[in-house]
Amino acid sequence: MPLMTLRDAIRDHVHDGETVALEGFTHLIPFAAGQEIIRQRRQNLHLVRMTPDLIYDQMVGAGCANRLTFSWGGNPGVGSAHRVREAIEKGWPTPLEIHEHSHAGMAAAYVAGASRLPFGVLRGYFGTDLPEVNPQIRSIQCPYTGEQLTTVPAMNPDVTILHAQKADGEGNVLLSGIIGAQKEAALAARKLIITVEEIVERLDTPMNGVVLPAWVVTAVACVPGGAWPSYARGYYSRDNAFYIAWDDISRDRARFLQWLDRYVYSTVDHAQCVQTLRADGYDL
Amino acid sequence: MSGMDWTPDEMMTVTAARLLWDKAVCFVGIGLPSAAANLARQSHAPDIVLIYESGTIGTRPNVLPLSIGDGELADTAVCVVPLPEIFSYWLQSGRIDVGFLGAAQIDRYGNLNSTVVGRYDAPKTRLPGAGGAPEIATHAKQVFVVIKQSPRSFVAHLDFISSAGFLAGDGERSRRRAPGRGPQAIISDYGVLKPDPVTDEFVLVARYEHVTTESAIAACGWPLKTSEFVEVIAPPTAQELLALRELHARTKAAHAAAVKLPI
Amino acid sequence: MPLMTLRDAIRDHVHDGETVALEGFTHLIPFAAGQEIIRQRRQNLHLVRMTPDLIYDQMVGAGCANRLTFSWGGNPGVGSAHRVREAIEKGWPTPLEIHEHSHAGMAAAYVAGASRLPFGVLRGYFGTDLPEVNPQIRSIQCPYTGEQLTTVPAMNPDVTILHAQKADGEGNVLLSGIIGAQKEAALAARKLIITVEEIVERLDTPMNGVVLPAWVVTAVACVPGGAWPSYARGYYSRDNAFYIAWDDISRDRARFLQWLDRYVYSTVDHAQCVQTLRADGYDL
Amino acid sequence: MSGMDWTPDEMMTVTAARLLWDKAVCFVGIGLPSAAANLARQSHAPDIVLIYESGTIGTRPNVLPLSIGDGELADTAVCVVPLPEIFSYWLQSGRIDVGFLGAAQIDRYGNLNSTVVGRYDAPKTRLPGAGGAPEIATHAKQVFVVIKQSPRSFVAHLDFISSAGFLAGDGERSRRRAPGRGPQAIISDYGVLKPDPVTDEFVLVARYEHVTTESAIAACGWPLKTSEFVEVIAPPTAQELLALRELHARTKAAHAAAVKLPI
């Protein structure tokens, strides 16, 4: 069974310059793993995610990435992802090359990746300027009807990182609730790291439930609360207050760096990050 | 605007809700579209089918979600499917009656920009991006756009087309065989705009009681045409306002609860 | 809610000459619906199914079809589908045109159909003679890597018919267990008829369970035992003895016609079919 | 064959089972492959991962399934996924170590026919067809074929290639860049054949104790080559036979139960 600490998992399996997808669509975003990547000061990553959300705002702001593939890059329900925006607009802390898609295009790219096809097909990007700024969006002719369809290249990350509800003693992982494109991102990757809320003896998977079997998982780390400030259905809900607070924290470079220093660089792991937040009066 | 006992947001939400019908299948975005769709469901359209791009189908949230993937959406859905399936089997397949979009900017043909102001490679303002919108705009049988009106948001020329409306108008969209009929209504904080059936240009067809047609024209970045007779939209009924405010009150109460991490 | 009798559903929604897919991979095969189609003497159907199984053996033998699209046409675990074989080999009772695929090809065709794409892409049929006998199997060049991939045309039946465990009062349908390509076949079709074991007040769908919402279902008919001799998980198991017995029944034209006459043509519905079987001493 | 206390089927099953290793990911067909894979799981390979094309992953049936989609497979699986996903995310993705196939006919390069004897459009014998085999034969890292040997099944020329082995041999398969390495063993009722690393032609490398090399050659429709030293395969051990027979006994008992329809 591939159980290890998150620190060891990131140390062993995430390297500078790799293409890394931390997926989770609003739900089950692997924040603790993202912060561990920051803590270990990885650089020049090609970060891939449909919705960069606060997790990539933190990682991009911390200087981990030089490339970003995404389809919607804001603070959901709040506004801008200020760190991502400043990297794109002003190249701070490092220039960030962007590969921009629509959700449907990213989804098709992950599906192709999981299927080990070199491209995905969709009726997509109709009439938009996205193909002009992303030359990877191309087209193909249907061999039956002659019509043109859009293609996207398969997305096959070096590493995909997910957060899930639980793993069993063998390392099988259960995801439940809104699952986004996590399964596709997981199966498209060369390596798969998963943090979970808890390790249980038996998963008690409901029939047709979503499981990633142990033999496709490179490493499992037990990190309770590892999706905070996003949520883990059945464990805790989304910390909307933090999402709102992030708007202020992240708007200013200095304040952002201060936050990063206190809660990421100065803590040894996620548990200590949470302890520090609590010590600073944050109700969590 | 004195004497109004509702806000412009409430007026927009109620107006958008009224455009929806029972059993319509709606692909809903977060914010005002979600509020409008759920208001419709809790008033005149109890069997409306709400789909969120996070994979929740037939969801009946008791409180409004703050994100597109709130737990409430999953817990009250008829089913929860993977996101790639939402875009292929449910949207691209042509099963959506109404797509509900917002945007930072719109032009007279209902094209939307939610990507960038200024040059793409040297942005003045970098916006969040297109998300699910390009394919919603393509495939939904019709699209409603909810957007506040000002010369900066209703622009003569878009810096970037993130989602297609009628493109350059005069039938270009249908000539290029887009699957859906495109934007059929813009709900702004001045009233409702609908496309001219020949030129595809959006014209003001209805205004709220508390604004004038002239003020709507002044708040538009292109020379806004109006229909011969601009209807006046009835203000929110007491019932509509009550339902909407209860929805918001329940939402506020639900989301005020502190998050407790199990560590 | 689209609840009606199976007789009315077939009468209203299945017409001569249509393309009809009765899906279910070993599990949940809609036998009662197939027999109702026989009973109503539909003709010239284009039958589509990955595994024709006994259900199409019966329908083809009864003369309902002039075309068959399939990927594996035997009596699973027993041997030949004698009626399908005789239609192909000897044109009895009518000639049967076949469009033959592999399972992966059929699956890709259904996925394309459900996605309303005109074709599906796979790395398939490598080195086989199937593309020679099925000109619908073609190829396409990847716009990124230049490699050739196989394509199949989308499968979009006029009608798909499924059997499922249960429907609720609104007409939402829950499938549970082995689900084959049923969801894809269902969503690829213009019309969707589903027979269920029971109508319940609430489905109690497990999270991420497989549901076909009421608004995509054209008609639901309550037909307990409607998957016999295949099975419905949670209700009854596969009647392996009947699958074995079918080998003898179907081997001989006269005996097959006699069986058809007694259990299908001479019965008014599935319940009476089962009653007759029991009256004839078949333990069921 | 006098004095044997096992059947040829048991010998084949045990031999096939011995080729499997612990934690191997096997794509398993019904019949003898399924028996072999489950025998391996219940003896020397407890953590073997069994995948059936019906969508069951990591299944641990206590009794053998009679069809590819028995309820037992779903009830004991780590997960049950849609069939299209099995072929795309699990097989085509290259995740399968061993594909286990049968066929009506095989040629010296391990190509398989399960489609037709005679002409396709005027068949002498119409067989069930290819099913999942063409892509298993393409994508599994290696393929084991279980097939009884006779001049009618081991043929010099196939009427139809349903699933590719080494095609015309001499490296054609790898030149054409098939993802998987192709058939690496044929388990017959005479012994085990393996491909020559240069010519790709299958040669007899091992025989059962109760048959001769000559009889194996006689039961083959092409001039069967043998390795320099044809190994003799050890008969089933008492433990192997016991496990296999218990498996079959449990299966028989389970499947003898009458079906009761709830009407």
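We just call them A, B, C and D in the order they show up, numbering each chain from 1.
To be clear about the criterion, contacts are C-beta pairs under 8 Å (C-beta built on N, C-alpha and C of every residue); 3 or more make two chains touch, one makes a residue touch a chain.
Keep in mind that this is a model prediction, so the values were computed, not measured.
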Worksheet item: Pick the pair with more C-beta contacts: C-D or B-C?
Response: C-D
Worksheet item: CA centre of chain C versus CA centre of chain D: separation in Å?
Response: 27
Practice prompt. Please compute the C-alpha centroid of chain B, do the same for chain C, then give the distance between them in whole Å.
Written response: 41
Worksheet entry | Between chain B and chain D, centroid-to-centroid distance (C-alpha), Å | 57
Worksheet item: Touching two or more other chains, which residues of chain D qualify?
Response: 74, 80, 88, 92
Worksheet item: What are the residue numbers in chain A that touch two or more other chains?
Response: 111, 116-117, 122-123, 177, 179, 183-184, 207-210, 233
Fill in: Chain pairs in mutual contact under the definition given at the outset
A-B, A-C, A-D, B-C, C-D
Worksheet entry | chain A contact footprint on chain D (complex, rising order) | 23, 25, 49, 57-58, 74, 78-81, 88-89, 92-95
Fill in: Interface residues, chain C side, partner chain B - complex
111, 114-117, 172, 183-184, 187, 205, 207-211, 213, 215-216
Practice prompt. Mind listing the chain C positions that touch chain D in their complex?
Written response: 25-27, 50-51, 70-74, 76-77, 80-81, 85, 88-89, 100, 102-104, 107-108, 110-111, 122-130, 133, 177-181, 183-184, 197, 224-225, 228-229, 231, 233, 235-243, 271, 274, 283-284
Discussion item. For a test of understanding, state which residues of chain D touch chain C in their complex under the given definition.
Written reply: 30-31, 53-56, 66-71, 73-75, 80, 82-84, 87-88, 91-92, 111, 115, 120-121, 123, 125-135, 137-139, 160-164, 167, 173, 176, 178-179, 255, 257-263
Worksheet item: Can you name the residues of chain C that touch chain A in the complex?
Response: 116-119, 121-123, 136, 138-140, 142-145, 147, 149, 151, 153, 176-177, 179, 206-210, 233
